[in-house]
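Heads up, the next two complexes both have chain A, just with different partners, chain B and then chain C.
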Partner chain A sequence: MNQLSNNSTCSDSTTSIAECRADFPALDQKINDHPLVYLDSAASSQQPSSVIDAVSSYQKHDHANVHRGVHTLSHRATEAYEGARDKIVSFINANSRREVVFTSGTTQAINLVAQSFCRPRMRAGDKIVITHLEHHSNIVPWQLLCEQTGAELTVAPIDEKGQVEILPLLAMLDENVRLLAIAHVSNALGSVLPVKSLISEAHSRGIPVLVDGAQAVPHLAVDVQDLDCDFYAFSGHKMFGPTGIGILYAKEALLEKMPPYQGGGDMILEVSFGGTTFNDLPYKFEAGTPNISGAVGLGAAVDYLQNIGMANVTRHEQETLNYMTSRLADLDDVRMIGTADEKASVQSFMLGDIHPHDLGTILDHQGVAIRTGHHCAMPVMDFFGIPGTARASLAIYNGKSDIDRLVQALQTARTIFG
Partner chain B sequence: MTQDELRELYRELILDHARSPRHFGKLNNVSHMAEGINPLCGDKLKLYFRIGENKVIEDATFEGSGCAISVASASLLTDTVIGLTTCQAMDYFSAISELLVGTRSDAAGDKADVDLGKLKALQGVREFPARVKCATLAWHGLHSAIQQRNAPVSTE
Partner chain C sequence: MNEVQRAQSELIEEFGLFDDWMDRYQFIIDLGRRLPDFPENEKTDANKIRGCQSQVWFLAEMKGDRLHFQAISDAAIVSGLIAVLLRIYSDRKPEDILRSSVDFVVALNFEQHLSPTRSNGLAAMLKAIQTYAAEAVRAA
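Right, the complex of A and B next:
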């Protein structure tokens, strides 16, 4: 079986993290005659060669279906797939591999919890509590659930800095609340939520907590046992892995009690027309042939991050974020959207009265890729009374020179709009 | 690529209409209207038309929010179609489609030999495929309103 080689040029010193850029082949190109500056990793990050090679090597040498065959390739594929699961277990410090379910991404993980955990135990009058800064994928699954059950969706407010207002949120956690579902890091604003203390507060009221960790896992060390969260969802493609693969972490005791999300192959022990015995955890929640190569790529992405060390990732990104925020603030007519005291990797902003979409085009023309629009967080845009923002988001491969290029491109935009 | 293409996209006329859109606001005695949504960037435009018995567009306005291209295009649209018959307006729709995406819309038949005049300012959009939808949004709204479809038009 393929052994993932460690061919990262990154070491554990902050200075050499700048060298990470060379590990990502997609960054080595010109866009509109300018070297690419990629500031859209919150939407999807680029992949290092080690991830691309791991997926390619799996496809070339090891592919077969998992958990099914006695032949050598099926064994290799199973080892690769389950090996990736073990890497995730250690990466997020899950208690066991029974708690780590492969999904297609954060969205599917949240839908799984809504339908398998919440739906059977919800009645009319019950409540789900979320916050105003959630991504649509942590809003719409609950709206669907509420339509199905007659339950009510309650939204905790945010303040002008883009921080969740804690006291109003805690006041919402009454005896009718069946779940608190919160982002770890806001995708549109970059705000880091105090998830550990919120989980503790919710638990003291007997309320389980789901954390949408899609924007946290690439940037911060996440320890699910330390957080004591009941569910934690994240995606591979925002942490240097492939698209179409993600993780639902859930406490074993909860997964045990939950019915399967989907039925099919691999999630059963025995099927007859009289009835079916479901497979053990976590396979009960992995119906059908899974995204094996995606899991392999995600495992390689975990290796890549762990090799650098999450503490180093966080330190480097915070330094770059601080530099970006101060360079942007130096521009006369920038309005920062999202100024939370604790932030990670993201800065949303407006430049004068230039529409974000126009900014996006002008920046792209100079090789600078940012996201513009509502960032799948329309309620956040409504809160700030804007149609959308320009959002620059960071990963370990970004450095100060990228920020200088961003600022230079923004100055060009200002020249064009006069 | 140089800044010339950007200057071509954001011509002074476009920026002028984006900053000071003409015929902006609600309209009294609306006979036809349409809503246009561009989910990609969140552009949202409402177009209002008062079309007389003789199919002449007596007045047109729009409101909403969007990028410079979509607002300028809507502003230029309303400026253009007031006083035209719906048939003539559809000729412009067809000509704009041809200008921006190179394909003639079937909706207006063959007689799209119209002089686009200042609407030619929109042609810089051709070099920016991701922005064509911004420029065509209002025009699809015009088409929808004249057809009296009630569903909002979307660029997706």
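Right, the complex of A and C next:
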């Protein structure tokens, strides 16, 4: 276990993890006269003071452009930015810093792979395989790619519990498949996919795999070498970091072969009108001035998670999730959407025939923030035949008292809708 | 005071009776439940106001010198707010609609529901009402 940073009140025991709440200033406020209960971390998590302070300190003292100047501030900015990259390398156990590319988020990371890795390799008749539970950001980039190349998007089915059906998926992995792109954890349903075994199955057929890890990295220890994934994408703002920063992990051998995604400054070694020599990895994929302060904040978020320890994060969240699921199940008239055997941090549900939008409005009046709607996973909603769900999602700062408030607020909602 | 302003004043008075937020919402929901049925065959994409979270269908027609509106949502609170908009604006003269303030939005504390940043289609519906009124006045 790492040492705790000075500005964290969390410790590694499950009982005091609930005190994490005090690390997050945004949680200390009243909404409509009620103390805020924030159960929307799957959309975006709040930021601890250590992240806010790291970004603020960078802005106040160290800001300049990176990789360019000889002056002191430019050195400091470069060190802060590259230091954040090193933290990510160790956090996900990448082989080297050459494999960790800063992006604006998961969406950009997936688009980068679609356009830079897949597009030059794909012909009409080739296939990309995804699953039915993907977020739109792991659907639409592939649809665009298919339009551009004449390739076909193949979708593996899910069952009533919201689990990917493994055998049909494996049957789809034929010689025409150029990539398998799957979520690690479903954002709408919370299902954890058996990514390690799927990656191994795909590799045995010579198919590379991209994992959308946006909903996994904040909740589970992720080791990209152990998974043996070819690409792993995630976002800073779902793991206590700032918005506008994310990561594409990719195996070095693949990145080496890929052309740049965007052109501009910082990704080049030499430019003349005759041609351009591209910079080394990972800079070849980081055109233009990057989101330096975002990277600094993300680095601080990684420190925060590592100080608590991912095993402790998972244990605490699983306990809270189990409590939430059983409390919700005790309510009459609740339909759980997403009951996979293995789940992380999310429960979607319907309460009677109350429209999720109405439920969200009444809960907000009681200071309880949940997400309502299709969660950018409209195919999932179509599968369950519903317009959307109410979704409560957890982070390290949520405890049982939050769940009690949620249940109380749902009971009030039921009174109102009679 | 024109009919649109008068309808607003009446509603502001009625809502003034509630000091409890739950009663207020129950009243809004009841208003929604009493909305006239929206013809099923008109629940088309063309009549839909695109909102992120709830669906709103909206129809407008001139009946004599008045604009008649029909609307409904699949969400109960949104339907209630639609009922409020219809009580104020439906079967009114277009020029009265254009000449009226939208004081009720603030007076009824509806800013959060009618803000364009709320993706429930209501702000778009209010705008559509005003656009139809402006077109009717121009056509007259």
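Operating definition for what follows: the second predicted complex is superposed on the first by the 412 of 418 C-alpha atoms of A that agree within 3 Å, B and C clash if a C-alpha of one lies under 4 Å from a C-alpha of the other, contacts with A are read in each partner's own complex, and residues count from 1 in each chain.
Please note the rule applied: contacts are C-beta pairs under 8 Å (C-beta built on N, C-alpha and C of every residue); 3 or more make two chains touch, one makes a residue touch a chain.
Not measured: the values here are computed from a predicted model.
Participant: Should chain B and chain C be called a clash or a fit once both complexes are overlaid on chain A?
Facilitator: Overlaying the two complexes on chain A (C-alpha atoms) leaves chain C and chain B clashing.
Participant: Between chain B (first) and chain C (second), which, if any, makes contact with A:M381: first, second, both or neither?
Facilitator: Touch status of A:M381: first partner only.
Participant: Figure out whether A:P157 sits in contact with chain B (first) or chain C (second), or with both, or with neither.
Facilitator: neither
Participant: Based on the superposed arrangement, let me know which partner A:I362 touches: chain B (first), chain C (second), both, or neither?
Facilitator: The answer is both, since A:I362 touches chain B and chain C.
Participant: If we overlay the two complexes on their shared chain A, which of chain B and chain C does A:P194 touch? Say first, second, both or neither.
Facilitator: neither
Participant: Which residues form the common part of the chain A surface touched by chain B and by chain C?
Facilitator: 32, 354-358, 361-362, 365, 372-373, 387-388, 412, 416-418
Participant: Using the touch definition from the top, list the residues of chain A that touch chain B in their complex.
Facilitator: Result: residues 32-33, 353-358, 361-362, 364-365, 372-374, 378, 381, 387-388, 412, 416-418 of chain A touch chain B.
Participant: So in the complex, which bits of chain C are touching chain A?
Facilitator: So the residues of chain C in touch with chain A come to 21-22, 25-26, 29, 52-55, 74-78, 120.
Participant: Taking the complex as given, what residues does chain A use to touch chain C?
Facilitator: Where chain A meets chain C, its residues are 32, 354-358, 360-362, 365, 372-373, 387-388, 412, 415-418.
Participant: Quick one: in the complex, what on chain B touches chain A?
Facilitator: Per the touch definition, chain B meets chain A at residues 1, 3, 5-7, 9-10, 15, 19, 40-44, 65-69, 128, 130-131, 134.
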